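A short write-up of the structure that comes next.
Letters are used for the chains, namely A, B, C and D, taken in the order the chains are written, and counting of residues starts over at 1 for each.
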Amino acid sequence: MIAILKQGTTREQIRLLIEWLAKLDLDVHVSEGAEVTVLGLIGDTSRVDMDLLGSLEMVAAVKRVSEPFKQANRKFHPKDTVVQVGDVKIGGGHFAVMAGPCSVENEEQILSVAQAVKDAGAQILRGGAFKPRTSPYAFQGLGQEGIRLLLEAKRQTGLPIVTEIMSISTLEVFAEVDMIQVGARNMQNFDLLRELGKTKKPVLLKRGLANSLQELLMSAEYIMSEGNENVLLCERGIRTFETYTRNTLDLSAVPVLHELSHLPVIVDPSHATGSARLVPSMAVAATAAGADGLIVEVHNDPSHALCDGSQSLTPAQFSELGGKIRKIREAIV
Amino acid sequence: MIAILKQGTTREQIRLLIEWLAKLDLDVHVSEGAEVTVLGLIGDTSRVDMDLLGSLEMVAAVKRVSEPFKQANRKFHPKDTVVQVGDVKIGGGHFAVMAGPCSVENEEQILSVAQAVKDAGAQILRGGAFKPRTSPYAFQGLGQEGIRLLLEAKRQTGLPIVTEIMSISTLEVFAEVDMIQVGARNMQNFDLLRELGKTKKPVLLKRGLANSLQELLMSAEYIMSEGNENVLLCERGIRTFETYTRNTLDLSAVPVLHELSHLPVIVDPSHATGSARLVPSMAVAATAAGADGLIVEVHNDPSHALCDGSQSLTPAQFSELGGKIRKIREAIV
Amino acid sequence: MIAILKQGTTREQIRLLIEWLAKLDLDVHVSEGAEVTVLGLIGDTSRVDMDLLGSLEMVAAVKRVSEPFKQANRKFHPKDTVVQVGDVKIGGGHFAVMAGPCSVENEEQILSVAQAVKDAGAQILRGGAFKPRTSPYAFQGLGQEGIRLLLEAKRQTGLPIVTEIMSISTLEVFAEVDMIQVGARNMQNFDLLRELGKTKKPVLLKRGLANSLQELLMSAEYIMSEGNENVLLCERGIRTFETYTRNTLDLSAVPVLHELSHLPVIVDPSHATGSARLVPSMAVAATAAGADGLIVEVHNDPSHALCDGSQSLTPAQFSELGGKIRKIREAIV
Amino acid sequence: MIAILKQGTTREQIRLLIEWLAKLDLDVHVSEGAEVTVLGLIGDTSRVDMDLLGSLEMVAAVKRVSEPFKQANRKFHPKDTVVQVGDVKIGGGHFAVMAGPCSVENEEQILSVAQAVKDAGAQILRGGAFKPRTSPYAFQGLGQEGIRLLLEAKRQTGLPIVTEIMSISTLEVFAEVDMIQVGARNMQNFDLLRELGKTKKPVLLKRGLANSLQELLMSAEYIMSEGNENVLLCERGIRTFETYTRNTLDLSAVPVLHELSHLPVIVDPSHATGSARLVPSMAVAATAAGADGLIVEVHNDPSHALCDGSQSLTPAQFSELGGKIRKIREAIV
């Protein structure tokens, strides 16, 4: 870490600063230039509060030279991590599509969608049981019963399942779930991340609506620092001024995350765009950008006129998309 | 709630949509115009998923006519809510300043800052015990011991205390805390909000970095819908492209929240700007805009050269600010 | 256009509003519902100031049912527009790659890059002569001399050229330029757009850093409303909170613009990401998303160690990218 | 300027980089630390393209130590600039309120509003003659005739006038205008800025919707570098994800701009919020934050029911606001 000091900083101030940094077990290499003095901080700088350091009157700027994440860092783990979810491998050349309804509604629905997405080529079944909803008055999901239904669908189709957790207190309900999703709103629910780090379960960690890629990696680090290396990073759109799409899908996240980290990168085009019409083109674009997998909403009742055009694809649309994705995968290898 | 249907929507599609809405206990008033058909949804529309409705192929736009929040809504509670924190009243003409260090570090520190901010005019002591940190390797706060020290400072100074909760599992540690803070990162940790709604404790609810004012009010609604009406809304800066300040303080939130809700509105200029130099002008601006209170960082060691210029004010600067705030309060009444 | 009136609006207020709208040659269809009154505005609503209408006290919301752009609108021109730039066709199934250096520096440079990008498969040569620079002290481009050099490169390679205009006053200097670029900063320089509308030259219109897709289409409409239909829309990244990339490339712009408009859509991955390492994956992703073309920076001196890693590709990297793009094109057809 | 090189950069690469920097007339001070090598660039670094330098493969980060603006920089001009507009002084303790209608509509309107805002305490009359409109089909203002009417209002009331320019080609029409406004969309229309720099007229430079404060200062620098020091900076809201207000008024811009620059800072609460209800609280907040002036929309026809609630205040509301502003001014001195 580098701290650039303002012109006019006195030797006494520098001495005090070095003394303070020494308490954090850091050595300091001082370089006095014609215009500025630069401090090189040597040691474990991940403990340094950059915001605090940068806010000191004498400090013009602070710059990390090494990233603050370690276990998620490709520098220290050059090889791609391959996460195993049931029998399905993701990352390191293994590509997986997760599909299913937004919410689990009832047994008939989840069983029929599960079969439909399996037939259309999905490797993992997704479905919401605990639903984070902006309004306390909205449907909050079937909860534990929803997970029971997902497990039933797993038994019937053989597809491993991924579903979202909202609170540590429900962790034991997820005992047989193959992969646990942490939603965008909980990306910095650090206590939840730590608890998931104590399990060995694969965690699908979604990027928060206003979180930087570095913050996403730091949240992965929370999970990994507790011993769980099975983390998948998921780009699902960020909040911007544009209102035509629900969020703005940041596909440059795919090559950036691959550059910075060895963890698999998944893209969710359904939540990002909020419109089924846009899902196929964003799904193929994500694949072309090098994503290791996709998570796509497919709804339950393709015959039901009402649902056409929602953010969920019909099984037929999803099946057609699968064909394109395979061709793109071949094109970029 | 109004749904505007696209041109070319068939009667059969409209019939199916009305049928679906009827299942949500909504009556529908159909108005066919020359260019569009407009549906007026009558009944408890707070249960309707606007995103879903708006994503239907036949729907051009959905517009709420009534806000989705009820208990936080000024329409149904025209009078300002006054929240009592210890002996201190906030809202409805009562203005309060909360001050203290970013983190509780040790007994000497918290006791001396507590006395200093009391002497300088603060009515409530703030201080972090459980600290949400981006990095798992950073100092996470003193936790339970930090709360014990805050309570000791309360005993010695008589100031009520406010401190942040990060997880439901620690709720009992907050038994003697006067006001519980929900941080920006947990604004949509709905399980936590619900549990706090089951207490009667005042809750200082901070706006998330990328959350709209309506989402802030919906999170307040989560707390209130469980029976706790003692909610204070806190604007603390949002994430934008500007990098000179840490976040962008959205002061128009003050009149907007006052218009929409009866709850007190607090402003945190310290975290929003990230720089002590900007805190005083933003604190007086917030007061002039009509805020019901401020929460300000004041650090522990005014004699310590290192800390000058951080986001925390010295007790002397804080005391001077107090004088200005009182003059502004008189000017706007 | 629909205006939803607030509850409690009096008949007299409605009468006044209808009177005012009548002055804009609009008929009004009034629909009084149980909760709200909805006005349907019939006629040429493109002249209505939505902001003004929406800001009236009595109006709860205003919603356009028809888009405010006409000539750029796919509804009225269902067939894809094909723009011809020299011998090169773009749009309607024709895909083109434009490449070249950020700035024209000297004759040797532009001639060598032009030949290199031609050899590597580019169909159009790009290069900056008039450069919009944040600082008045930075290099502002070679200006007219730069355009002379581009024309020389065109003569030697046969590649048509595209270069940016900054001011109407230089329009005649662009007489032999094949396609004129309007940069992001000038996307709403309406006087410039109108003048370009009076020519028949293809215009590459870049999206502003903070402009919505609808605003981009309205700016295209400025050009088209003066009689020039040869407009290409260019997504080049928007400004968000993320700092790892220079801007956030919004690839969902590609399907959205194709849905709303018949104009070709070009993507600029170089300026969006600011890093050559990210250009190839974003270029193939843009192609997979359905873009009609790409504009890519390729630098002049592949042997020069200094430039490696800047936002420009080397000719070799660009040539390799060309092969991938062709495979992606085949995969998505 | 500091460039931090990545670990593993070779001596040969460093030599090449220093050679390249030498061509820009920069001396380089090399400091090799244990982990990184830091280059200190000495000389006129305002010509260095930071983006380009930072994008080089070997460069980990670039940091300006000195700001890239000079004439606008408080470091080199510690004393506040006072701009004189007609008889009115702005800056350096002089506070001015500019008021008037959004657009000049006709003689009767502008004369009556001019008299009304004068009676209510405004010192400068504002009014749009050339209007930048998103749609080519919307009313584009009265143009030259609008300026003639403003000058007539000036003659009758004695108020100096400020109005917006959109194109260099109309500059001579502004000969008798007291202050020229550059709108948000033209903040980086560099050719226009340069031409205005060749006049001596006060220029009210509005911040672009997505422009940083540093970019605003760089645009001021464009004007000043041509010899015109009469520049006023205007904060008018930035584009964010929040949709309740039209834009997000960034009031921290006031102290930040005062810290960085000696130029007066004006705030426009009308365009920022888009709602007359929010204008008074934001106007007093801006005053409390230390703004040197306000520009406020006041409409023409207070008796006309239609306009109530638009973004414009009535003369009565504006007059009441004036009283509050005076009290705030007294409170903060």
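One rule holds for everything that comes next: a residue touches a chain if its C-beta (ideal position, glycine included) is under 8 Å from a C-beta of that chain, and two chains touch if they have at least 3 such contacts.
If you're wondering where the values come from, they're calculated on a predicted model, not measured in any experiment.
Shared contact partners of chain B and chain C comprise A, D. When chain centres are set by their Cα atoms, the one at the greatest distance from chain A is D. Centre-to-centre, using mean CA coordinates, chain A is 31 Å away from chain C. One simple way to say how far apart two chains are is to compare their mean CA positions; for chain C and chain D this gives 26 Å. Chain geometry summary: the mean Cα position of chain A and that of chain D are 39 Å apart. Within chain C, contacts with two or more other chains are made by residues 210, 239-241, 243.
Considering their complex, residues 2, 4, 7, 27, 29, 31, 33-36, 38, 40, 42, 60-61, 63, 65-66, 210, 239-241, 243 of chain B touch chain C. For chain D in complex with chain C, the residues that touch the partner chain are 12-13, 16-17, 20, 44, 46-47, 49, 51-52, 55-58, 68-69, 132-139, 166-169, 185-186, 188-192, 194, 208-210, 215, 218, 221-222, 225, 239, 246, 274-276, 304-311.
Across the complex, chain D is touched by residues 210, 212-214, 238, 240-245, 248-252, 254-256, 259, 272-273, 277-278, 281-282, 284-290, 324, 327-328, 330-332 of chain B.
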